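The following pair of complexes shares a single chain, chain A, combined with chain B in the former and chain C in the latter.
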Partner chain A sequence: MKKLFSILLFVTLFAAAWTSKAAAQDPQPPSDDDVNRVARQLFCPVCENTPLDVCPTEACRQWRALIREKLAAGWSDEQIKQYFVEQYGARVLSEPPRQGWYWAFYLIPVVLLLLGVYILYRAFTSMRQPLSESAQVEAAPESPAAVETQGQQDYLRRVEEELKKRN
Partner chain B sequence: MFADFGFGVLVITFLLSLYGISAALIGHFKKKQAWVESARLSMLLTFPLLTLGALTLIYLLVTNDFTVKFVYDVISFDMPLYLKITALWGGQSGSLLFWSWLMAAFATAVTLRKWDRDREFLPWVVIVSCVTIAFFLGLNIFFENPFAHFWVSVSGEIFPATFQPANARLVTLDEIGNGTGLNPLLRHPGMIIHPPMLYLGFVAFVIPFAFALAALVTGRTDDRWIRLTRRWTLIAWLFLSLGLVLGGRWAYDVLGWGGYWGWDPVEIAAFMPWLTGTAFLHSVMIQEKRGMLKHWNMILIILTYALVIFGTFLTRSGVLSSVHAFAQSAIGPSFFIFIGVTFVISVALLIYRWAELKSEGQMQSMFSREALFLLNNLLFMGILVVCFWGVISPLISELLTNQKVTVGPPYYERAAGPLFGALLLLMGIAPLSAWGHTTLKNLAAQSNLQLEKRYALAIARLLWKPAVPALLVLIGLFASGIRDIYALIGLTLAALTTSITAYEFWRAARARSRAQQENFFVALWRLAGRNRRRYGGYTIHLGVVLMALGIIGIEMFQTQTQKSMAVGENIQISGYTLRYDSLAQFPSEDGRQVTRAVLSVFDKNGALLGELHPRYDVYPSGEPMTIPGVRSTLADDLYVVLVNWEGVSEQTTPFKIYHNPLVNWLWLGAFVFIFGTLIAAWPDEERETIPAQARSTQAAFQPGD
Partner chain C sequence: MSESTVAPRRGMPVWIQVLVWVGLLALLGLVAFGLRRAQQGTVQPGDTIPDFTLTLFDGYQYAGKSEVKFSELRGKVVVINFWASWCKPCEQEAAELETAWRDYQDDERVVFLGIDYTDTPTPALGYLTKFEITYPNSPDLGSRVSQLFRIKGVPETYFVDPDGKLSYVQVGPFASAAEIHSIIDPLLKP
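Entry: the complex of A and B
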C-alpha cells in the first residue's frame, strides 16, 4: 500500500511536471514582434548591413521563418543567435563576439581614444609654458640682420592685425 | 556620334589639366608669371569644357540613346524627364564625371578671385585642383567611360567598348530595345538634390586643402590661407551637412526601416569628412585669433581631403557591399594609390615646414577658449576614430582571418553616443568662451584662489541663471515618468545648451538696445550682423540642439510592432489605434503595379485622426519599392510599412508600424542649421573697400616674401 502510494505520487508529480513544462513551452505561437526582436540582432551574410528584421529578400524571409520555428520550439533568443553563428559564422551578429581575437576590435578604439586624451594633455601642458622662455633662448645670439628681420616681422604682424580688424 | 564628341571633350579637358599642372610647376620654379597665368587660364577652362561634356551626356540620356552603355544602364523609356537628367549621377561612370564637373566649377570659381595679394599661392592651388580633376577624368577615360558604345560582333554578340573593335559594327536602336532603367530606390525626388549636395560638399573641401598645401609649399605659414578659404570652407561644410541631412530624409522616406540613419559604411563615408571639417572650422578660429594650433589645422585639412577621396572611393569602388553600393567596379586600386600618394606628399610637406608653424600664443587656462576648442576637436576626432574603425575593421578581419565580421548600429551607438553627449554639453558652454579670459578674470578677481578654481567659480556664476530652466526641464521630464538615464541626460543637456545660447543672445541684444537706444529686435538683428560668425555659429548650435532632440526621440523612444491583419482588424501602438480598412491594386501611369492599403488612425479617446496609405510599387523590371504611410506631427511620427516581402493577400496583410517621437525636430533643426550657416557665411559689404589700403601696405613685403 505504501509502495503503491509512492508510485502514484511519483507518477502524478511527474505528470504534473510534464504538463506544466509543456504549458510553459507552448503558451501561444510567437508573434511577429517576437520574431523581429531576435531578427533585429542578426544580419544575413548576403544582404550586408541590412538587419534581418527589415530585409526584404527571400533568403531573409526564410531565416525569419526559421526563427519563428525555433521560438515556437521553446528556444531562447541567445540559443537562436548561437545556432545561426554555428551555421554561418560570427558575421551574422550585429557586432563581433567578445572572445579571442575579437577583443582587439573593442580595445583598439579605446587605446586610440586614450592616446588622443594623452596628446591633448601634452598639448595643454606644453602650450601653457610661457612663450617668453623659449623666445629668450632663441633670441640670444642677436645679429644686426636678425634685429632687422625681427623689426620687419613685428611690423608685418601689426599690419596683419590691422587687416584682421578690418576683415 | 554625340558620344564620341563627349569622350573627346573629356580627353581634351584631361590633357588641359595636365598642361595646367606642368605650366604651374614651370611658372613656380622658373619664376615666370606668364606660365602661372597660362596655368590659371587652363584651369579656368576646365569648367566650360566639362559643362560641355556633362551636357552631352545629359543630351544622350534625355534622347534615350540606348546605343550608349551608360544610358542603357540607367534609363528606360518610361522614366520622367527629371529622372533622366538626374540619372547622370545614377551610375558609376556618370557620377565620376559629375564629380569632376562640380570640382571644375569650384576650381574655375577660384581662378576668378582677385589674386593680387596671394600670387605665390596661385600655382599650387592650380596644381592641387588640376591633379584632383585629372585623377577623376583619368578614371573616366581609362576605366569607366560614360560614352562607351555598344557594338555588335560578327557572331552577333553585343558588347560595350569605347572604340570600334575590329569586325564589329555599331549597334542599332532596334537591336537594343529599352534600357534597364534606374534602380527603384533612386527614383525619388531626393535624387535631384541629395547626391549633388553631397558631391558639392566633397569637392568644395578641395579648395581649402589646395590653399593649405600652397601655404606649405611656399612657406607662407601665417594664417593667410585660412582667411582666404574661410568662406569656401563654410560653404563646403554647408553642402556636406545638407547632403547628409537630405540623405537621412530620403532614407526615412523610401527605405522603409523606420529610421533615417543606419550606420551603413557608405553613410559613414560621407560623415567622416564632415567630422574633420567641423573640427577644422572650429580650430581655425584659434589660429586666426591667437596664432595657435597651426600644425593641427594643417593635419585636419589634409585628413579632410583624404577622407573626401576615401568617401568617394568607398561609394564608388564597391569595396564594401552595402545598401548604397549600387555601383561596383574595378577602379578601387587607382583610388587607393591616389589617396596614399596625396596623403604621403601632404604629410611630408607638413613635416618639412613643421618648425616654421610654431605657435605664437600660449594657453591661458583649462577653461580658456583654446582649451574648450581643443576639447571639441578631441571629441570630433574620437567620433572619427569610432567611425573609421567601424568601417575598416570588417575589411581588416577579412584580410587577416578570411572571416568577415559585421559592425552594426550597437557598436556605433555605444561608442559614439557618449561622445555626442559630451559635444552637446561643450556646445552649451561654448558661448562662455566668447567672453575671453579677461572677463572671466575680472569676475574671479576678488578671490585669491588658484587660477583654475577662480575660473571654475566664475563659470559657475555665469552659468547658474541659464541652468535653472535646464533643471526645471529635468524635473519635468522626471515627473512625466521618463526614467531612462541616457534620455534624461540627453534632453537636459539639450535644454541647458538652448538656454545658455538664448541667454547669451538676450544679454548681448539687451546690452546693445540699452546702449544704442534701439528696439530689442533691431538690436538683435544688428548684433548678429556685426559678428556674423559668432552669432551664426550660435544659431547653428541651436539647430544642432533641435536635431539632437529629434535624434534622442527616435533613438531612445522608438516603438514598433508588426502584425498580419485582415480588413477590419485593429492594431495598437503607443496610444494610437490603427484600423485596416481596405487594400487596392491598380496600375500607375508609368507602368508600375501599385498595391495600396488604407488604414484609419484613432487617438486614445477613439477620435479619428486621419488615414494612412502605405503602399508598394512593382516596377516593370519586377523590382519592388516600399513606400511608408506617415502621419507627421511635432510630437511624433506614425510610420506604417506594408510588409510586402512577407506576402500580401486579401485575407491577411502584414503591417509594420513604427512610433517615432520627436523625429520632426530633426528636420526642423536642419533648417535652423542652414540659416545659421548662411548668417555666418554671408559676404560682408564693406569687404571690397579694404584691398586698396591693404595692397599699399602689403606691397613693401611682396618681393622677398
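Entry: the complex of A and C
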C-alpha cells in the first residue's frame, strides 16, 4: 500500500511539473483585443486623424501586426509605445507625452479656463456695482437730494395751511 | 442741484488685458504658422537641403560605414528616394531605380539613397530583398528626414545637385530608368 502511494505521488508530481513546463513554453498568443488596446493609443502618420485600431490601410495593418509581434514577445504596452515613438516620432501617440514642451498641450487649456473664469467673475461683479450704488442713493435719507425734497414738501405744506387759514 | 456720487467702474487689471492679448496673438501666430506649413508643400528646387544622418539597414553600407551623413556627400549628385513596403506605386519604380543605380554605381559623382517611410522592419526588409535593391537604404527614424523634406506621400524622389541644392522633385513613380538618367545627366555636366 505504501509503495502504491509512493508511485501515485511520484506520477502526480511528475505530471504537474510537465504540464506547467508545457504551459510556460506555449503562452497564450495576444488576442485582437490586446492588439487593439495598444493600437487605439496610436495614430499612423499616413492616415491622419484615424486611430490605428480602426484604420483600414495596409500601412496600419502592418503596424497592428508589429504590435501583435511585440506583445507575443512579452513587451508591455508602454515599451511598444516607446518603440513606435523612437521609430516614427512622438506624433504617432494619441496623447502627447508628459515631458518637455509637450506639457504646453496640458497646461494651456487649464490656464485659459482659469483666465476665463476670472474674467467672467470680474464682469459679473462690475455689472452688480452700479445697481447697489443707485439703491444706496434712494435709501439714504441724509443725501442732499433727499433733504432737498423733504424741505420742498414742508414748504408746500405750510403754504397750503396758510391758504386754508385765509380762506 | 446737488450731484449724485457714483463710484468709478473698476476695469480689468492691465496685466490681465496684456496677458489675454498676448495669448490671443500667440494663438493666431501658431495657427498662421501651421497653415503656412501645411500649404508650403515639399522643399522646392533651389532650396538648400539641411544636413541629416541616416542609419542604414543591416547589410547595407556606404563607403564602408553603416551611417551616411548628408553633408559629407557635398560635391556629388544625390538621389533620395522615399518609399514604403505598403506602397504599391513604389513597387512600380523599384526595378527602374535599381537599374539606374547600377548604371551609375561606378561613377563616384552619383549617390542613391533609399529612405523607408513609416514602415515596419520585416516587410521593409522583404521589399528590399524582393526587388534586389543594392543602393544604401535606411529607415526614417522618428520620421525626421521625411519631415525635413515635408514629403506628402510615397514615392517621392529628390535630386540634389553637387552644391547641396535641390534640383528636381519627382512626385509619384518613374516610368523608366531612362527618365531617371534624363534628370541626373544634366547635373553631372561641368
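Rule of thumb we're sticking to: the second predicted complex is superposed on the first by the 104 of 167 C-alpha atoms of A that agree within 3 Å, B and C clash if a C-alpha of one lies under 4 Å from a C-alpha of the other, contacts with A are read in each partner's own complex, and residues count from 1 in each chain.
We take it that a contact is a pair of C-beta atoms (placed from the backbone, for glycine too) under 8 Å apart; a residue touches a chain by one contact, two chains touch by 3 or more.
All values derive from a computational prediction rather than experimental measurement.
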Which superposed partner A:113 touches (first chain B, second chain C, both, neither): first
First, second, both or neither for A:102, with chain B first and chain C second: first
First, second, both or neither for A:122, with chain B first and chain C second: second
First (chain B), second (chain C), both or neither touched by A:63: second
Contacts of A:94 with chain B and chain C, given as first, second, both or neither: first
First (chain B), second (chain C), both or neither touched by A:78: neither
Partner chain(s) touched by A:86 [first = chain B, second = chain C, both, neither]: second
When both partners are placed on the shared chain, which of chain B and chain C touches more of chain A: B
Shared chain A surface residues [contacts with chain B and with chain C]: 45, 57-58, 61, 89, 91, 112, 129-130
Touching residues on chain B, where the partner in the complex is chain A: 222, 227, 256-258, 262, 264-265, 288, 292, 320-323, 359-363, 366, 370-371, 374-375, 378, 381-382, 385-386, 389, 393, 397, 401, 403-411, 415, 560-564, 624, 626, 644-646, 654, 656, 687, 690, 694, 697-698, 701
Residues of chain A defined as touching chain C within the complex: 44-46, 57-59, 61-63, 65-66, 69, 85-89, 91, 112, 115, 118-119, 122, 126, 129-130, 133-134, 137, 143-145, 148
Residues of chain C touching chain A in the complex: 2, 4, 6-7, 9-12, 16, 19-20, 23, 84-86, 118-123, 139, 141-144, 147, 153
Residues of chain A defined as touching chain B within the complex: 31-33, 35-36, 43, 45, 48-51, 54-58, 60-61, 89-96, 101-102, 105, 108-109, 112-113, 116-117, 120, 123-124, 127-131, 152, 156, 159-160, 162-164, 166-167
